[in-house]
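Please find the structures below.
Across the two complexes that follow, subunit A remains constant while its partner is subunit B and subsequently subunit C.
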Partner chain A sequence: MKEWNRLGQNRAARMDRAAGLARGKLVAPGDIGALLTRVIEPGDRVCIEGNNQKQADFLAKALAALDPADVHGLHIVQSVLALPSHLDVFEKGVASKLDFSFSGPQAARLARLLSSGQLKIGAIHTYLELFGRYFTDLTPRVSLVCAAAADRNGNLYTGGNTEDTPVIVEATAFRRGIVIAQVNEIVDAVPRVDIPGDWVDFVVQSPKPHYIEPLFTRDPAQISEIQVLMAMMAIKGIYAEYGVRRLNHGIGFDTAAIELLLPTYAESLGLRGKIATHWALNPHPALIPAIEAGFVESVHSFGSELGMEDYIRARPDVFFTGPDGSMRSNRALSQTAGLYACDMFIGSTLQIDLQGNSSTATLGRIAGFGGAPNMGSDARGRRHGTEPWLRAGREAGQDGFRGRKLVVQMVETFREHMAPAFVDRLDAWELADQAGLDLPPVMIYGDDVTHILTEEGIANLLLCRTPEEREQAIRGVAGYTPVGLARDKRAVENLRDRGVIRRPADIGIDPKLATRDLLAAKSMKDLVRASGGLYDPPAKFRSW
Partner chain B sequence: MERLEYEFDGGAPVAPRNRPTLTGVLGSGNLEVLVEPADLGGRVRVEVQTAAVGFGAIWQAVLADVFARWQVGDIRVSINDAGATPAVVALRLDQALSDHTGGGA
Partner chain C sequence: MTSWLEATARERIAGLLDPGSFTEFVPPEARITSPHLAQLNQPAAFDDGVAVGRGTLEGAPMLIAAQEGAFMGGAVGEVHGAKITGLLERALDERAPVLLLLESGGVRLHEANAGLIAVSEIMRAILALRGAGVPVIVLNGGRVGVFGGMGIATCLCDRLIMSEDARLGLSGPEVIETTMGVEEFDAADRALVWRVTGGKNRAIFGEAVLVPDDIAAFRAAIRLDPVPLDVEAEHALLGARLDRFGAAEDALDIWADLGIETPARLPLLDTDDFLSAIEGKLA
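And now, the complex of A and B:
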């Protein structure tokens, strides 16, 4: 007789072992180690909620503190590795295998642990890809999640930073796994129910509120004139040209400069209401002046941003907020919006090769890429037409019933310390060899990139008809890097005549007018002022 | 620190009555540019003091492009550089030459 409920029986055994540790669903912080030891079995797939912003830091530390004699060989399936404890589990021998998406702050240590053999990497995923695998072959057996508050029945309020919680809990709870939540406070009634209590097995109040990283805040004081120039080129040469209304911005100063030029430069070009109206975007503080100027109709967010809570609450027509007034973010759904419902992704990178492949991986650092490959790729399953998408398809010479997403890589030809952004060969290849990865960790594939924007010009790769043209178009905006200096000057001038390469002068921009005076906010204090005092920057961004 | 010197065939001599002009600030990643009239037989002389060592060929390429754009002569350009990228160097030189000559390229 075949047994059809082994997962349920195994779950029941785990819950039996944990009996007596909880009052209802509530577990005392001091008992967390005992709880984890009893419900986790060696070799389990475990998901620690690691978002861009809110972190299940108390649970992650508790997991790393377990005795590897009891708990070992865990397979961690976790989107973001942000905290030291996320790697301590491997160093301690509690876990041995990792499938993930992004590890920015821990990238160097991750590379060291890998080379010393203390962990094996399954794959580096995009967010949607990893979430998809939670529902196929990487379903977590135990998940350690994070919420702002819980009631005694386990109903969770995740606050503005809902992020990954719904995806993780759904995958785990509906396959008879165990869900443990750390919360900042236990309340009689949560402001709204983000996760129903019957999907949550245990709740522990963290001794300290969970850590939140203000990942998307950029101080306007640090934006350079070159970034202003590139932002002008983006707005006039791409946003206005294609009439891009639905978009996602990557993280960084290049795109912050664009956000801060909307109410000034874009307004002067008469573009309000014609570009940048609908966004898949974290609530960037740099977007405040554009929102106040009436540029922005809606923003759906992957996660929130520290200090933006009151501003968001006061702008419910713009942000997605609950009946309680606070924002509801959702990484999986915002990534879906970025992939299928945006006409453009524009973001920075660290290296671009002669095929237009773009990567943030550099030697000795395994950083992953989070969501950029989803946003920065053509969605071949897309079936609705918009003018920018159709025009991009026409420019690419496609057969008339298919458009293209605009995927723009925006990069100064030299990074700090004169590191060239254009290279013959991406570090990603060597990294893949060293780390034994199946694939080089390329963030955006060259055949998805439609435009490369540097201070020297815009290369429209859609208009290139041969690999040789494409290479010269890339060299033609690569400035004084070795790749740029090796250009065929005649070929590049020919591409310029055809509008494949456009210099600032070709789009009617005088670089001498690119000054910081164009920024709608020049400092953090200006952003606070623009928000009417509603934006409350984290301490590290306050200089007054 | 590295000291570099370049000379370029100039274009139209800049009127010697032009006063020396100083453009830019010496902050990290930035540079200051002093432009002054000089009797150089119509040529342009550039002296660079830079914190970043080993980029002489890139300076040569950037400056050659700038003075191909700006057909000026009989000027001495002194650059004090704190690790500016070529993009910043070109932008600052355009501003400096515009300040000095009172016109565009």
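And now, the complex of A and C:
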């Protein structure tokens, strides 16, 4: 007779081995190594909750400290590798295979471990892909998650940074896996239940509150006047032109400048209520002045941002918050909103090639991209029509049959150390060769990019009808880079006549007027003032 | 309101002096650049990072120098220093008041001894003016602040006008951390750095007149009557300060000691509220 509950029996065996280590669901911090050794089996798929921001750092360290004689060959499935301990597990021989999305801070070490053969990479995913695989062929057997607080029944309160927790726990718990949560505190009653206790097997109070990184804070003092110019071009030449209301911004100073120009420049163009009203966005402090000016109707977030807690609590009409007042974020759902329900993604990059492929990958670093590839791609399954989406579809010659998402790459022609942003060949290709990857790590595919915006102008790739036109449109905004200098001047002037390339003057922008005086906040203190004292920036951004 | 912090050296001069009255000495078109930077293949500036010249303030003739913080942090090299010293020596000849719009990390290390000598010549020229009763006023509101040798030079002048964003010190925060350890001074703790070296603390010590970050406010705070120089009294004052506050770990301790209510709120206050909060509580 066929056995239909092997997963459940295996789970019961693991729970039996762990018996006696927990009082109810609570495990003492000192017993965490013993618990992990008893519930994890060699070769298990294990998910360490490594978000963009909140990190299960105590559990990650405990996993890295296990004896490889007991626990080895683990297959780590984890969205973000942010901490050294996330790679220590491979160096120590506890784990050997990795499927992930983003490894920004650990990218260089990851490349070294890969080349020394200490780990194998399954694939570098987008967030949604990896989450999708949690529910198909990469379901975790044991998950180590992170929350702000738990009660004695294991009910978890994640705080504003819910991020990946619901996805990880759902995939693990409903396939008879084991869920272990580290929390900052054990309380009698959690402020709200983000994860029901019967989905959680063990809770351990971390000796120190979990690490959290303020990734989305940009100091307005560092925004340059070129960035102000590009922000003006974006607002007038794209946002206003298409009437973009539902959107996602990448992180970086280019898009922070746009956020800070909404209450000033966009207001002067009469665009309040007409653009940028609904956002899939982390709570960027740079958005505060636009929110205060009445530009923003709603913001749904992937995660929260340090220092924004009180401001969010005081603006429940704008942010998604629980009955307790604190933010509820959710990376999977906000990514879905960004992919399917937004009409535009706009973000920065480091390199763009002649096909419009765009990548932030650089040699010797295996970083992945996290969310940008999902939001910076056309959702071909989309069915609902909006004016910007339909217009982009018409411009692409799709005749009302289907629209297009606007995917805008924003980049200065030269980046740091005078490295040209426009290149004949992306570094991503060489990186793929070096690291033996199946695919070059391209962040946004050229056939998804609709506009390239530089200080030289906007190239509307939707209007290009041949690969040659597309190449000249890209060269035409590449300025004095070698790629730009190699343009066919007549072809570029022809594209300009057709409105495929638009210079600042063509959209009525005088670069002389692009000054920092247009920024609604020029310093962190201005952001605090704009928030009425509710925003409390992390110490590294404060001079007071 | 025009921000001093955001303005360039020449924008500060233009905003401060009577419109159109500024005439620059050794202007950029003269292209007197640093010979040392060229040898090191470092980029040069045609004014070597400082503009000097004459103009009028409410009709009164004035000599003026403005350091450009965006060029090598306003660091003083040989040419840069010679331009300031030359201006100060001219002021002695003409008995004309001097406005020094400083923003500098101190000596330009690339120029080593030439930079050190340049700073000491600036100090000597300032003291000569003090002795002759010709006022020298420092205006400090830039992002870099004023540190190193220019910090000492600032303390030799008649008056100092500062905004809360500006800083004044001898060794910069990173230098203190590197030489004395992070326990002594955590340079990454920006709030601590500003509490100790920022314009507000300097105002509490009576070293600076605090103004908002506005060129017009700087202009309105300029007073040209010379302050008599009494070196011994100055030393006694500094000695007493060290006796009273030498054990303090943080400016917050000092502010509490002075009887200022809830000192932790001081850094957040606007200039006017701050000045009323510290009224009668100066060190």
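One rule holds for everything that comes next: the second predicted complex is superposed on the first by the 543 of 544 C-alpha atoms of A that agree within 3 Å, B and C clash if a C-alpha of one lies under 4 Å from a C-alpha of the other, contacts with A are read in each partner's own complex, and residues count from 1 in each chain.
Operating definition for what follows: contacts are C-beta pairs under 8 Å (C-beta built on N, C-alpha and C of every residue); 3 or more make two chains touch, one makes a residue touch a chain.
Since this is a predicted model, take the numbers as computed values, not measurements.
**Q** Let me test your reading of the model: by the given contact rule, A:Glu225 touches which partner, first (subunit B), second (subunit C), both or neither?
**A** The answer is first: A:Glu225 touches subunit B but not subunit C.
**Q** Have a look at where A:Glu416 lands relative to subunit B and subunit C in the superposition and call it first, second, both or neither.
**A** In the superposition, A:Glu416 contacts subunit B only.
**Q** Thinking of the overlay built on chain A, is A:Gln106 touched by subunit B (first), by subunit C (second), by both, or by neither?
**A** After superposition on chain A, A:Gln106 lies in contact with neither partner.
**Q** After the superposition on A, what does A:Ala539 contact: first (subunit B), second (subunit C), both or neither?
**A** second
**Q** Who wins on subunit A residues touched, subunit B or subunit C?
**A** Of the two chains, more subunit A residues are contacted by B.
**Q** Does subunit B (first) or subunit C (second) touch A:Arg516, or do both, or does neither?
**A** A:Arg516: touches subunit C, not subunit B.
**Q** Is A:Asn51 touching anything from subunit B or subunit C once the two structures are fitted on A? First, second, both or neither.
**A** neither
**Q** A:Ser301 in the overlay: touching subunit B, subunit C, both, or neither? Say first, second, both or neither.
**A** The answer is neither, since A:Ser301 touches no partner chain.
**Q** Determine, under the contact definition given at the top, whether A:Asn330 touches first (subunit B), second (subunit C), both, or neither.
**A** A:Asn330: touches no partner chain.
**Q** For subunit A, which residues lie in the overlap of the subunit B contacts and the subunit C contacts?
**A** None.
**Q** Using the touch definition up top, name the residues of subunit A that touch subunit C in the complex.
**A** Result: residues 221, 516-517, 522-523, 528, 533, 539-544 of subunit A touch subunit C.
**Q** Write out the stretch or stretches of subunit C touching subunit A in their complex.
**A** Residues 3, 6, 143, 165, 188-191, 193-195, 198, 267-268.
**Q** Once bound in the complex, which stretches of subunit A touch subunit B?
**A** Residues of subunit A touching subunit B: 224-226, 229, 412-414, 416-418, 455-456, 479-480, 485, 511-512, 514.
**Q** Which of the residues in subunit B end up touching subunit A in this complex?
**A** Result: residues 29, 52, 55, 58, 61-62, 83, 85-88, 91, 94-95, 98, 104 of subunit B touch subunit A.
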